[in-house]
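Across the two complexes that follow, subunit A remains constant while its partner is subunit B and subsequently subunit C.
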Partner chain A sequence: MALLNKRLFKKPNIRLEGEAGDGETRQTEQDTLVSCSACGVSVPWKVMLSQDFVCPHCGALQTLSARDRMLWLCDADSFREIDKDLKPIDRLQFPGYAKKLEKTALESGEPEGVITGTGRISGRLCAFFFMNPDFIMGSMGAVVGEKITRLFEYAKKRRLPVIGYAVSGGARIQEGVFSLMQMAKTSGAVLRHSQAGLLYIVVLTHPTTGGVTASFAMEADIILAEPRALIGFAGPRVIEQTMRQQLPEGFQRAEFLLEKGFVDRIVPRNAQKKELYQLLRLHTREASL
Partner chain B sequence: MSGAYQRVKAARQQNRATSMYYINQIFDGFMEMHGDRRFSDDNAIVAGIAKLGGQPVTVIGIEKGVETEEKIRRNFGSAHPEGYRKALRQMKLAEKFRRPVVCLIDTSGAYPGIGAEERGQGQAIAENLMTMMGLKVPIISVLIGEGGSGGALALAVADRVWMLENAVYSVISPEGAASIVWKDAGKANEASDALKLTADDLYGFGIVERVFSEENGDFEKVSMALRAALTEEFHLLSQKTITELTRERYQRFRRMGGADQ
Partner chain C sequence: MFSKILIANRGEIAIRIIRACKEMGISTVAVFSEADRDALHVSLADESYCIGPAPAAQSYLNMDAILMIARFCGVQAIHPGYGLLSENPEFAQRCEQAGIEFIGAPADVMRKMGDKDMARRTMRQAGVPVVPGCDLVATLEDAIREAKQIGYPLLIKARAGGGGRGIRRVNGESELAAAYRSAAAEAQSAFGDGALYMEKLLLRVKHIEVQLLCDRKGHVVCLGERDCSMQRKNQKVIEESPAVCVSGELRKQLTETTALAAREAGYVGAGTIEYLLTEDGQFYFMEMNTRLQVEHPVTEMVTGVDLVKSQIRIASGQPLTIRQKDVRIDHHAIECRINAEDPANNFRPSCGQIGILHIPGGPNVRFDTALYQGYSIPPFYDSMIGKLIVSARTREDAIRKMQAALCEMVIEGVNHNAQMHLDLLCEPVFIDGSYTTDYLANRKA
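Showing the complex of A and B:
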């Protein structure tokens, strides 16, 4: 299954306005070509962006990196990343993990599996997390848990709603029990944000599984999902092995979860910005957020 | 065989004491309460009310079963969502009637099956994590055998987490880790070492506060030690205000696995 968006060339580096002085010069390379994960046709990145990352040739939904997702969703130049330099620690000295981290960081251009910060949707200020499928399948290690926890704590302090895009293969095995503990930690942060009367909306994207499904991805006030996204606790392969039978068509897809009552709405990509904006407006008490 | 893999084997051993044994040894007059009021009664999780010394407590245990027939009935200690929802219901009653909660954990993991997914295994676990984090009564969880991933954590968001000497606690089974990381389930031995899942490892990491000796398999002695420790610890925890209790519980997990900045 080709889950990852295979790029022809180097990932576009987009300059983020107002980034805390890391002194790094980033160049806009919006003309970079990316190839469709389904039909393979090369399309300029900015064309993909304008088409909501749906291939203009074959109509296939592209998997978005965290940064592409952020650039696509947030108002231009509105995103302020926080905790961007948190780096993973190989606490267990797990064989091969240090090397894998290095390789993944190099290939994905990100130091970890989630980006967090504040930004705007049609002018409304919000706290955001975007998980990164390019980083060890969006798995949750200690840094992912820490960044999400800090984001909810920050949003609570600033009284901001949180909008999160989930995509994850589950726990990061190489971080063992520390990965498991992130499920409890993030749940605590979501609870405290919620107890302060603040809104949390999650969008489940393909695939959202394991420890992320069994924690913050299922704890939102409003749970949206992208069409056809695989969402579950146990992965289909594990279930097939346990049950010794083939799974029915559509099992664990967004439409299945909607039918079973675990998702509020399925929202096609081209309607997400509008729906998120509407939901933010419906939950606003003060005149200006 | 590595030391860690020996612990995994010991934790899974057939003749090991299970939750019901400890419940009967440690507490007086256990009254079991059934069902989640939503779907059914999951026999993999036992829940009810008992007395610890003179004090009413809510007791929840994941039960693997002893005889073959019972093991099947209890689904070998692999709970469905309704098991976690039954536990949650009992915890909320504990909060209402201000009695502390004890959770005994022994599971290879939450059940990965079609029905479990249909009824929201992930959502059930997530809800337990969030609700336990804010529960306004003391919670102590004891890992008495296998502590398999989210299915174990769903009863281990507690003020104190303890382990028996041969218990293990891990994000994934060694077999699962070996098959995913090295594409070879046969490397469970190596994976057991790599995952650092023994009681000693976890105590060293600050993931658990106490490790109890298994007294060379004298589980009656282990029960006596647990009974004394639970009584003492609940006495200490009962001195805290609700705000202190829930804040410290959050801080307990908040510390785990920061980052390198």
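Showing the complex of A and C:
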């Protein structure tokens, strides 16, 4: 990732010289190439999108940024972002944190680790949150917690179901106790949303760990997961070192959690849109559309 | 008009071209080497692709990689900037074969003008005065014989030369053999062509060049001259336009000769013809540059013509909209090349991370650069990090403006030559405009 992110510079909306009207279709950053994280083959972004971000060459599941995930899941141009201007502050003056925030924001083009808003899946209106693995591994600081909380409060007020894509390294250590208290705050918001009789579906993606697993990620009415996703509180290496025991094969993977009853269903990426639509259709009244 | 262009270059010129494209509504594709991941042109273009490792030979000169990206992205044209592939006829030809417009001179003209020996002959035929000398010399014995005719001191030059490489000065017969061999070796390694010719060395000359634009309909417009006599080791340091030493009558002659030469060569696009001007007002053809030049902003500032946009328009088949009579030069412009080098330490290149960067501003002050705060200058490429250009109504005002602008410029983190420029601007030979190409070599630091 370059030091200066492309998104820093706006694309001027200038008509091609000598052309009349605005018939010219513009090139966008979505016409760029992306390379597969596993085999390295370069694939046009649009092709990746149409293949549900599964490498057409080797079949590897690609890690999606929050923005890509939103573009992939929601109906075209349906997403309305909320609270997009909330920016983190280095309240504890944690060494190096301010610099890290600045660098990460530049590189990822996002001000924080989650994007929230409303959008549609096959026409059904819904509130969404998408966590961003590109932003300090989607860790939950005060802003992430606040945006999640506000989203649930907004959804409760508007009587909307919530669909969330979780990916996180856990609570953000640089924000100390402020990030820990987000666990309680978000849980409260989820509870109030639930008490209002509204649906909350979460999709756990690789990896969902720490304080996020211990709060809103595991509190959904329906918990889906992507195949092979690592889901847990402490990571397997930490557990192994603490317990001094060999962990079973596939420990903390989505399949393991499904077997133990923590996950309701594992849904391959190409089936997720349909699955989510079906669940929404079954659980929301037509009137709420 | 093209809707998408690939820029096969880096640094400030890549940015200059991207900016022109943006203004014209053209989408841009940048290419970069592994060492240039953080370069500004990569961030500024609409799309950017890595084409190889840091050495230019494996990235910016890698025609296969560039053409592959061009085809993949569906670009209609490639702008080569200056240096790198800009004067490579093979590349122009391969672009043509791939159905992509090469924004530059036609391959055959480039071949004719890139071969300095052939260029001399072509110009002689067109009636353009050339420096007394000889055609290609095949062996050292030939060289010795021809040298007697030309007389010493003389210059040995590579047919394929450019950028000051493959040139040797010979003061007497005793030096000829060594100079011949080293020039041949240098030309062979730099350009893959060791053929040499010789020219009389003209002393105390001015380097004057005339900018021209030619369209496909055969219209030729000359955009005045530039005085590039302030040179160090054949690298231009300061350029200005118009030249103090060129009178109205001489300018008319230069313009007519240049237009004639361009027509004779069948030239298309933006180009420059370089002349040597002697003290008695005689000018000789030196060479033709079939590309955009580093110092093109000087001409842009005095004529108001955007040369990069003109190049793109010409390549897309549009005729020139200006005629010779429309060209008015009513300003004076000066350019100082800012190099990351240490003048106190024999101009050793300097690289490192840019700390504080302050770019001078104000009316008619232009700074073409690829720098930004926090950027690290990679050690693999040219040491030029910026060009400071100013223009004003009179030369005196332009010099004042340049002095003020240079003092305002702050580039922390690397050594650069701004102070040297400030010193030069105050020297009597610069102020009266009488400096010649050998001035810097003989100047005491």
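Convention: the second predicted complex is superposed on the first by the 257 of 289 C-alpha atoms of A that agree within 3 Å, B and C clash if a C-alpha of one lies under 4 Å from a C-alpha of the other, contacts with A are read in each partner's own complex, and residues count from 1 in each chain.
Simple rule for what comes next: a residue touches a chain if its C-beta (ideal position, glycine included) is under 8 Å from a C-beta of that chain, and two chains touch if they have at least 3 such contacts.
Because the structure is a prediction, the values reported are computed rather than measured.
In the superposition on chain A, A:G138 makes contact with neither subunit B nor subunit C.
Contacts of A:L33 after superposition on the shared chain: subunit C is touched, whereas subunit B is not.
Applying the stated contact rule after C-alpha superposition, one finds that A:M243 touches subunit B and leaves subunit C untouched. Looking at the superposed arrangement, the partner reaching more residues of subunit A, out of subunit B and subunit C, is B. Judged by the touch definition given at the top, the superposed model places A:R91 against subunit B, while subunit C stays out of reach.
Legend: residue contacts after superposition of the two complexes on their common chain; A:F233 is shown touching subunit B, with no touch to subunit C. Of the residues of subunit A, not a single one touches subunit B in one of the two structures and subunit C in the other.
Taken in their complex, subunit A has these residues touching subunit B: 83, 85-89, 91-92, 94-96, 141-143, 145-147, 149, 171, 173-185, 187-192, 195, 210-211, 213-219, 231-235, 238-239, 242-243, 247-248, 251-252, 260-262. Interface residues of subunit C facing subunit A in the complex, by the touch rule stated above, are 1, 3-4, 22-27, 37-40, 42-44, 46-49, 72, 313, 318, 372, 374-375.
Put simply, subunit B touches subunit A in their complex at residues 110-114, 116-123, 125-127, 129-130, 133-134, 149-150, 153-154, 156-157, 169-172, 177, 180-181, 190, 194-197, 202, 205, 207, 249-250, 253-254, 256-261.
Every residue of subunit A that touches subunit C in the complex is listed here, in rising order: 2-6, 8-9, 11-12, 14-19, 24, 26-29, 31-33.
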